[in-house]
Amino acid sequence: MSELTLERGLAAFRAEIDAPIAAFFSSCVHCGICAQSCPFYLETGDPKYTPILKLEPLRLVWEGEFTLWGRIKRTLGLQQKVTDEMLAEWEELLYDSCSMCGRCSLVCPVGNDLAYMIRKSREGMVQAGHAPEGLIAASVRAIQTGSPMGLQWKTLAVQIKHVEDSTSLTVPVDKTGVDYLVLLSSMEIINFPEYLEAITKIFDHAGVTWTLSTQCFEATNAGIQIGNKDIAAQLVERVVAAAEKLKVPNVISPECGHAYTAIRWEGPNLIGRPYPFRVFHIIEVLDTLRASGRLQTEGMESDRLSLHDPCNLARKSGVIQQQRNLMALVADNFVDLKEHGKFQWCCGAGGGVSSNERAEPLKLAAFKRKKAQIEEVAPERMVTMCATCRTQLEEGMEEFNMNIPVVGLTEMIADHLVEKEARS
Amino acid sequence: MIDRKTPNKTLGESLRDHGLSRRGFLKFCAATASMMALPPGMVPVIAAALEQARRPSVIWLSFQECTGCTESLTRSHAPALEDLILNLISLDYHHTLQAAAGDAAEDARLQAMEANTGQYLVIVDGSIPGPDSNPGFSTVAGRSNYEILMETVEHAAAVIAVGTCAAFGGLPQASPNPTGAMSVMDLVKDKPVINVSGCPPIPMVITGVLAHYLTFGRLPELDAYHRPLAFYGQSIHDRCYRRPFYDKGKFAETFDDEGAKLGWCLYRLGCKGPSTYNACATMRWNGGVSWPIESGHPCLGCSEPSFWDAGSFYQPLSVPLTATSGDLLTAAVGGAVVGAGVATLANKQIKTAVANRQPVTVEELEEKL
Amino acid sequence: MSGLDPISVIIESNVSCAGMPQDCGNALPILHEIRHALERLISTGEETRIDLNAMPFGPGDLDCLKALLGTGEVHATVEAMGLTLIQETAIPGVWLVDYQNSDARRLTLQIEIASVPEILRPQPLDLAEAINTLDGRLTQSASNRHHSS
Amino acid sequence: MSGSMAFLLWIKGPMFNIALAIFAIGLFARFAEIFLLGRKPNYAEPRAGEWLPGFKTMFTRSIADPGTFQRASFNVVVGWVWHLGFLIALLLFVPHVELMKGLFGIVWPALPNPVVDLITAITLIALVATLVHRLTHPVKQRISTFDDYLVWTVVFLVVLTGYLAYHRLVNPYPIALGMHILMAEIFLIILPFTKLTHIFTAFIARWYNGAAFGRKGVAS
């Protein structure tokens, strides 16, 4: 039986190195500004959480094998080697203290895309057997059960029943030839069942044809979080197969950040071919409906609302204006956090941190950056569009006794839809 | 036979024999101090020293040279003073100046050496084909320069190398140095050597050095190149009247632009003043009339070693000697090839890594739980 | 007729190198030196000589310095090994002493800050012989008279 | 012939050629190492092109975003000051302009010497400040390597020897000038093998960064 070894890890590091990585490592001047953009460093004050330092194993492989000087140093025996012990030490740095929020990639003065390199480093970590247990377990469950939380269709079927009962609408399942295949995340199904009800209402209201797939309902991708192509590709293939089977032209990723980047940006590259369909985040779809006048809303939220941009959606996918357009539709008293959009701060739970029980204290520490941002504008409620962010915001604010409820944007839109009868 | 022994009279006495009054002597000392580039406050010291000094025998040897140095000295502008100084020495041998010729001339040299052994001064102008060169490159009376130099220097008190050829090898030594020319300093190791460099040296500097030796009976303070600090202690640049323009960043860029007409700094036209140590800026040439920079031409750096090989006279000091953009390009192409090699090796490794890649399986992951 | 005459000469600029590129640039520091020397002369009687040959003067600097110092009342000449011209400047105690050789070429030019320039004063050794010289002349004169009577 | 002039001539002659050769070989080797690695094809549907955002980021990343400026103002300000100072002294000092003219045949206007002098003095102070920061700031302390201190020393000495030579504070002058050129040569020699490569590769890195973000519709 094969096992995960250092050699496989090093080979994986090697295989991940490309021109951008060579340019990035060639350019780092050790200015330390990346630390000033990292919530894990800023809130712990521990310099070992400096983003560039987290990339040291990958850098050593690059230097030793991909540069003239490194080769000379290796010949002279001066080149430091990546060892199993080193990777064991770096496991905490690459997983527990990095939510892959990509803020460092945006502020690095020499232009290093650090998040890109963290993602690649994790490939080596998995192959070397140095991934956190929580993420391994989630990956295994995702492959074996179709959901990282081990959730099965029958649980979802119960939810569907609830939604149909309370809305008197039908939730379409396994319908071919519709416009959209809707994916969900297990966390949403369990923690925020309102989401399914909301889209059912909105799509009915806007006259959108859509369906769920019994073959694949899960949008999240534990393989992306742990950083392994093989697992990630299998999970993407399931989505692609379901979409192809139902012949849908569009797939909607739910209110989940990493699910969107996984399927929108990484997916085609994981399976090595372009999709026969397009991928949207639910917020993009809603904004398109709004723009074409298919969303008729009434009434406004009058309390002071602010918005948390999920990293994966805003900084890493360019969905920034859409949620603000939708907020303007239903909120009177909206105030943006000071640093928002592409410069927003991570909630602290992304990049697999929330699936990694060991990282709990760090996750809470990193949240303090978000907490300070929220306190600065003092909203009465927070709005967001990612189940992981939402859970983290709720838990974090509860921990600090902040008493600020968090709502999903999709639900909020659904709440303001003009009743069908009234419309006609 | 002429007595070539150093006379017993002191300089003070022989000056008074020339009919010089005490005011005249004071004036002589003031002029001497000025010539030696010593402050006027030194005049009493000079006067006291001159009273005691004695008239030395001087042997002037000319080797691979152009007689420019002798011309400079003899055509100097204030002949009375230089004359006086030269009258105070006993110039016993000098090709160009002496009346004697042939064997008589060579005899004069040998006699002076014998009569003043250990006390005579040797002045050399011109460089010398080294001991390993063909001795025939330059000979006097059928004997190589090297041989004559070593023989003459053996019992000398000191050697004064006049001109850049004698001091540093000069033009004969310029690349490719066909005669294997060497400087006096290269060859004479056991005697004090004073270098009075310049092509030619300022005449006042030649006499100034002689005056110093006459006055104090010892060598003046020297710099690392054995040049008298009094004259070579400061660079042309530091004493240049155009220095304020350098400091303000006002430069002539061609020989006929407005800057050149306004007398701005000549750095960009190749002036070597910053790295050249000489007294031109204060003593000037032609009796103080002018000097190269005042006449609008950059300093060539003629009093420095290797000045013929130090790059174009008209290239600024900051320009490298031989490197060109072509060399840079060649090296860049070479680098690209080396890099391509490294990259090819690396790419091969990547390909191998990708080809041999073992996909991570759930079973492998479960092992870790 | 000279063969060079047909070659026309165009004067492009009247600004010569000797123009006024700087405002007496290198003359000014010397004035400060003279000022310090004057202070010393007044307070302690110490005399100072400045050798202008050793100055990095640009074109015009010397004339500028002379003009600034002006011309005083005393003008003297010493005849010894050629002429020495002494000119008092408009600043009392500041003298220009021009040492020339027998061809009337300048050997060196000095500024002397003193009550009387050194070269004008009788030299101490000469002074020591003064009475003897005078006595000699008296004796001579007496014997002349004796002979004539 | 030994001595200061021989030293200067060797530095300006053979040593300059050696330094230039190592610099060019090393740098272009690095370029080849980077570009020949290439990038894997990207099958994801782009939101926007790569080229324009890439080029934009090459320049815009020189300016820190307001938040970063606030959190790392010392880093940003001092970094700017000494980088600008170094570049001005390198490119706009008359002797350096002449050097470029001699080497490449291209000329551009220079700044008056006193201006460059002042800028150089400021640069030196800023460089000392960066060293103090590196030695005292916990992050910089933690991530600094031998390489960082070597590069700092060489950069500082290049500027310092230039300053000393300009002010003629070392005698004889050929030694002063020779030391300055030698330091510049050492700078060139180590450039391709240390973080100094960022002088060139930072723009490549920024392009990749801008292209990656730009493709996803984010102005980086």
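First chain written, first letter: the chains are A, B, C and D, and each begins at residue 1.
To be clear about the criterion, contacts are C-beta pairs under 8 Å (C-beta built on N, C-alpha and C of every residue); 3 or more make two chains touch, one makes a residue touch a chain.
Remember, predicted model here, so these are calculated numbers, not experimental data.
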Q: Could you run down the chains that neighbour subunit A and subunit B together?
A: D
**Q.** Chain pair showing more contacts of the two, B-D and B-C
**A.** B-D
Q: Starting from the mean Cα coordinates of subunit C and subunit D, work out the distance between those two points in Å.
A: 58
(Q) Can you compute the centre-to-centre distance for subunit B and subunit D, using the mean CA position of each chain? Integer Å is fine. (A) 39
Q: State, to the nearest whole Å, the distance from the C-alpha centre of subunit B to the C-alpha centre of subunit C.
A: 33
Q. Just curious, how far off is subunit C from subunit A if you go by their C-alpha centres, in Å?
A. 93
Q. Counting only residues that touch at least 2 other chains, which ones in subunit B make the list?
A. 338-339, 342-343, 346, 350
(Q) Please output the residue numbers of subunit A that touch at least 2 other chains, ranges allowed. (A) 17, 66-68
**Q.** Every chain pair meeting the contact rule
**A.** A-B, A-D, B-C, B-D
Q. Quick one: in the complex, what on subunit B touches subunit D?
A. 168-169, 173, 183, 186, 223-225, 235, 237-238, 246-251, 267-268, 274-275, 277, 304-306, 309-311, 315-325, 327-340, 342-344, 346-347, 350
Q: Would you tell me which residues of subunit C are touching subunit B in their complex?
A: 12-13, 15, 17-19, 21-22, 25-26, 48-51, 53-59, 61, 78, 80-82, 84, 99, 101-103, 105-108, 110, 118-119, 123, 125-126
Q) Where on subunit D is subunit A touching in the complex? A) 26, 29-30, 33-45, 47, 57-58, 61-62, 64-65, 67-68, 71-72, 75-76, 79, 137-145, 148, 192-193, 195, 197-198, 201-210, 212-213, 216-220
Q: Report the residues of subunit B in contact with subunit A in the complex, numbered from low to high.
A: 338-339, 342-343, 346, 349-350, 353-354, 356-369
Q) Which part of subunit B faces subunit C closely enough to touch in the complex? A) 20-24, 26-28, 30-31, 33-35, 37, 39-41, 43, 77-81, 239-245, 256, 261-264, 281-283, 287-288, 294-296
